[in-house]
Structures are given as C-alpha cells and as structure tokens.
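Multiple structures follow.
In what comes next, chain A is part of two complexes: it sits with chain B in the first one and with chain C in the second one.
Here is the complex of A and B:
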C-alpha cells in the first residue's frame, strides 16, 4: 500500500468517525488543540486504525508519543513497513 | 417547606419534537401507534405495533456530547433544551450549584447493550468496543449526558423504576426543592424502543397482540376489548423550581406541584393491586393537604392491560366515586415507559392551561369492571384546579403526584 493511500484511509476514517472538517486535517494539526479530540477519542482512534489496517497497536509504547495527525500517518506507515519486513524475514 | 412550581417543559414524543406538537396531537385525538412489521422477525414475539419517535435530528447535539449518547439521551437532551429555553434558564443557573437533574430510564440503553453483546459473544474480544459504550449503557446515562451538555453542577439523580420512573424523578426533585436542598431541578424520564420493551409485556401476556393490522385501535384503556400495552418511546422533562426562585427571576409559571407519594407493593412483583394504588393516591392527597373532593381530574396510568386498568379503576372509585374526571393518554401515545409519567404530566398541565380535558382514546365500550368512574370520552371544556397523575410499574412501584393550577398569589 503506497503512503498516499494509507494517509487517505487514515484521514477518511478519522473524519467520518469524529466528524472532522477535512480542511483542518493537515499533518501539523494537533489532535487535541486543533482537531478537538480528547482521551476517549484517542482510544477510539486506536480501534479505528486496528480495524482499517488489520494490525494490533493498542499496547505499543509509541502511541503515547502521538501528538499530531502527521504523527499518526508516520506511525501507521512505519508499522506497515515493519510488518512487511517481519513477514519478509519469516518467508 | 417551600412551594414548588413548574417553569419549563420539554417533550420528545411519538408525535414529534416539542410540547406544542404533543398537545396539538392529543387535542386532535390522534394516535401515534404504527405497525412495526420487522417485529415479526423475532421468534415468538406476537405484538407488531409500537409508537416510535420521529422528527428528531441527533446532529443538533455537538459530537463531543452526542458520542456518549444513545437515543434515549438524545431525546433527554433535546427535551431538556426545550424546557430550559421555555423557562429562560441561563448557563449561570445551570452552573450555580443550585440546579440539579433528576432524569431516569427503565434500563441503560438496550440498543447499545444489544450491539455490545452481539459483537462480544461472536468475537469474544474487546477489540471493537468503543470508549463511549459505557456512557450509553450506564443506568444514569440520560441524567449524566444532560448535565454534561447543559453544564449542570448541582445534584444528579437517576431513578429507575420502569414505568414509574419519571413520576418518581419528578417527585424526588419536588422534595429536594421543597426541603431547600436545590432551587431548580430538571426532572423527567426517557426511554428508547427496543424489541425487548415490547417482549417484556408480551412474555407475561400483557402486550397488545390483536390489533396488529389496526394499530390506531390499540391500546384501549378501560375498554372491554383491550388486550394490553403498546410499547413506545420518548422523553418528557419538567423544570421544577422553588416559587421564590421563579418569582425572583420572573420565570413563567405553568403549574404548581403540591403533593407526591410513592409506595412499594409487595403483594406481587407483576400484578397491580388496588389496595396499594389506593394507598398511594391517599398519601399523595395527604402530602398535598387536600381532600378527595378538591381534586378535579385524574390522568390515569391505565395502559390497557386487563388487570392494571381494573385495579386502578377500583382504587379511584373507592376514593373519589364518580365525582372526578378520569382519562388515560395511552390510547394516543402508547406506553412511553420511563417517559410516561413526565409526558403525561406535561399533557395534564397543558389541559389545565388550555381549559380542556382530553378523552381516553379507543374507549368505545367501558369494561363493567372499570365502571363507576367519570370517564372522559369526548374532549370537554373544563377548568381543572387540581389534577392527579398516576404512574405504576412492574416491580411493585406505585407513584402519584398532585398538580394545582398556579395562583398568582405571591
């Protein structure tokens, strides 16, 4: 999956779930301050991403460092890459 | 004891959004009962009728608040907003610590509970469970969600006594104000329809099953051909306020509450009992310090069940004979469960202020066992001074409030 497609899936999922203005969904947008999300939305964001990309991330330490929409994009892209590499190593 | 008045009302009913829409539909003697064919998909469920809320847009509520709401909290929030607008309640009142909320429901959201177990029992994981689920299925969901939206900082109470819920919610709010613990209480009840609501009555042979093709002909309170409850949904809320507070802020006053009673009937967890109902009404009259001949109208609980209507009619006849006007609004609205006490109190206050008595819909032939009362069968002009609202519940919970036309005597 190319990175642009990943970003589109993330943005669409979050926009639909949290009724976000797509115009505000720039990479630098802070999740709490700019997009108006909070701790409950953070929990649901993890569920949305797990459902969209079929991976498990709830226990990952890096999630706690996420502050911006761009952080989510980077985290998911890296996660997909990491899974690919793991799968490749096994094969 | 402080005097307590009603300074605002809000309604989400099967007739739509708003108190005026509710009153206009009742005055026009309309039925909100419809056929719900999809109930046929549920094995062994015989009833196929209900009264469902229409004309409500949940998106009127910002997502931040809406995300923790099921339908019943959406109804409670929209009804509460109507009530505080009517009452000219400001954000400062809500956050004063002197305003509380007392809104209950029969259970937490049955729809959210259903969805949770549908996923959990299939997947046996919590992977798909949203963070906001609990806030929809907790028993105080409606009260909490309303308090969050309105910024209410006073007491929070969520009585849960099935069909008696909102009369208790009103009664407990009334007592808090009368005893000086709060100045303003937002009181009522809310419920959302789920097939389990209908099934609860169907299982115990107390749901209407013979009018599935003629929904507007059921339920039939006090009628010889009645065959049970029609489940409905909605929300009613009233703003109760100390008379002093209402006068000080020049609030509109729609009625005065002068008495409340609630009793437990241990004779049966399911069957109504005339002795207990009589006791409840007499205690409410005592709380109001009035004699039976000072009351003019009873808005009956009468849901259209065989046993319930007879027990209530018997109790009313023992206390009042045929001197008091009686009608039930279940024939129009169905049984809005936890909302019924509040919605029907609002309608009773509406009758008081519009100068009319609304008849019992579908009462074509009075059951001889329910005779001896002055049943209202056609719309009547009447200047009600004192009215009584009855509400009885499965589980053996009876409750009753006494309402008086407000006299501008202060």
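Here is the complex of A and C:
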C-alpha cells in the first residue's frame, strides 16, 4: 500500500467517524487543539486504525507520543513497513 | 399591491421585528431586577430549606440542591412567562422513567435555565471546567454534584456518572460542547454515548428551539421569544452493542435531533 493511500484511508476514517472538516486535516493539525478531539476520541482512533489496517497497536508505547495528524500518518506508515519486514523475514 | 399592506410577508416580518424590539424594552427593565431578586431570595432562603430537608426528610445534600435548582428554574420560568412562551412536548409521564443520559442541542446561555421544564428534578449537569470557576455558580454546582468532565477525565466521569445513576439521578450533557452560533448542530462529542454504552442507561434526546432568540450568543439584551423543548423517544444502548457502538449511537441520536429540530423550526 503506497503512503498516499494510507494517508487517505486515515483521513477519511477519522473524518467520517468524528465528523471532522477535511480541510482542517493537514499533517501539522494538533489532535486536541486544532481538530477538537478529546481523550475518548483518542482511544477510538486507535480502534479505528486497527479496524482499517487489520493490526493491533493499542499496547504500543509510541501511541502516547502522538500529537498531530502527521504523527498518526507516520506511525501507521512505519507500522505497515515493519509488519512487511517481519513477514518478509519469516518467509 | 402597496408595500405597506400588512398581508405582505416582508412587511409583516418587519412589523413583528419592530414590535419585538419595543416589547424587549420593558422586558429587560423588568426581568433583570426580578431575576436578581429571585436569585437573592433563593440564596437567603436556601440554608433554611436545606436544613429542613436534611433534618426532616433526610435527603442527601446533592439531591436537595438539585431539587432547589429545579425549583429556582421554575421560578425563572414564571418570571419570564409574560415575555416568553414556553412549550413542552413529548414528555408523556408513563414513558418517561429516569434515570437517563439526557442529550440536548445548545443554543443559548439560558438553555440551562430552560431545563426547569423537565418533569423531574434529579438531574446532574455535566459541564467543562470553566463554569466551576465562576464564584456565583460554583458552590451550588459543587453541592449539586455536577460533573466537571474536563477535570475528571473519562475514567473519573464514568465512575462518578455510574454512582449518580445508581442513585436514580439523570445526567444532562450538551454534546456539542458549546453554543451553536448559527443554530446548526455542531459535532457531537462521544462521552455521553460511551457512558450510556458502559452503564446500559438509555439516552433521552431533547431538542430545544427559540432560546437563541431570547438571548443570542454574545448579547445581554433579551428579546421576546417562543421556546420549545421536545423529548424524543429514549434510545436503548443495547441496540448498538458492537465495536465503536457508541459512535453509531451518537450518530443515530444526532440524526434524530437534527430531523426533529428541522420539523420544529418549520412549525
């Protein structure tokens, strides 16, 4: 999956679930201050990403460092990349 | 047809606008002093009533305070009634069985006062931290056990909310978080719906119209208005039991409120 496609899936999922204005969804947008998400939405975001990309991330420490939409993009892209590498190593 | 004809809708609208403006002058001159007097009397009388309820009826402090706030609101409705028409719809006694998680659209500072239209008084309002910083409201809000959801966070709100509902109290949320400036529904936060899912408590959706005409956001000049409060059919969270079911419940509730608001405004 190419990075642009990943970003599109993330943005569309978040916009649909949390009724976000797609124009505000720029990589620098802060999740709380700019997009108006709250702590509960943060938990739901993790579940949404798990559903959209079929991986488990809720136990990962890195999630706590996420502040912006761009952080989510980077986190998911890196996660997909690392899963691919793991799968490749097993094969 | 001459433009001055009263049957002309534009002329009638302008005529009504002028009438409302003129009528608002005595309204503001009368209402503000009367509400101040009512509030002051309430503050003076409250300790006596509180003690009586506490000793004679053995109610817990928060429950007495909630009843007192509701009664204060009832007085406010009476004071406002010569200038504001209040209409309550959908509160059929047999079908309204608290506790509920009440969610309502938010248009005006006075929406909170309009909750005196509810047929029950055991209601806790869930708000952000800023109203708890207002010295004239905070002591009463704390005594009534109102929820500061911002400070409590999700885990704390769940614990406190569950306790309140176990004792028969309903919790009222403005899920938009703040007043709508254009009357349109804003994004709903998911807290009340998650609380409903976690505790199995039904959602009671309410629609309010007209309070923005009474006191538009950013203004202190009241205008005559017609305020309607409508209760919709309670929603059972069991029907939304799935992953992220609370978001589906939130969207369903918002759609119901939006549809009914449109109907109320047309009427």
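One rule holds in what follows: the second predicted complex is superposed on the first by the 91 of 91 C-alpha atoms of A that agree within 3 Å, B and C clash if a C-alpha of one lies under 4 Å from a C-alpha of the other, contacts with A are read in each partner's own complex, and residues count from 1 in each chain.
The rule is simple: a contact is a pair of C-beta atoms (placed from the backbone, for glycine too) under 8 Å apart; a residue touches a chain by one contact, two chains touch by 3 or more.
Computed from a predicted structure; not experimentally measured.
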Partner chain in contact with A:59 - chain B first, chain C second, else both or neither: neither
Contacts of A:36 with chain B and chain C, given as first, second, both or neither: both
Touched partner set for A:4, first chain B, second chain C, both or neither: neither
Partner chain in contact with A:23 - chain B first, chain C second, else both or neither: neither
Intersection of the chain A residues that touch chain B with those that touch chain C: 18-19, 36, 38, 40-41, 43-44, 47, 51
Residues of chain A touching chain C in the complex: 17-20, 36, 38-41, 43-44, 47-48, 51
Of all residues in chain C, those that touch chain A in their complex: 153-154, 177, 187-191, 194, 243-244, 247
Touching residues (chain side chain B, partner chain A) in the complex: 63-64, 67-68, 127-132
Chain B-touching residues of chain A, taken from the complex the two chains share: 18-19, 36, 38, 40-41, 43-44, 47, 50-51
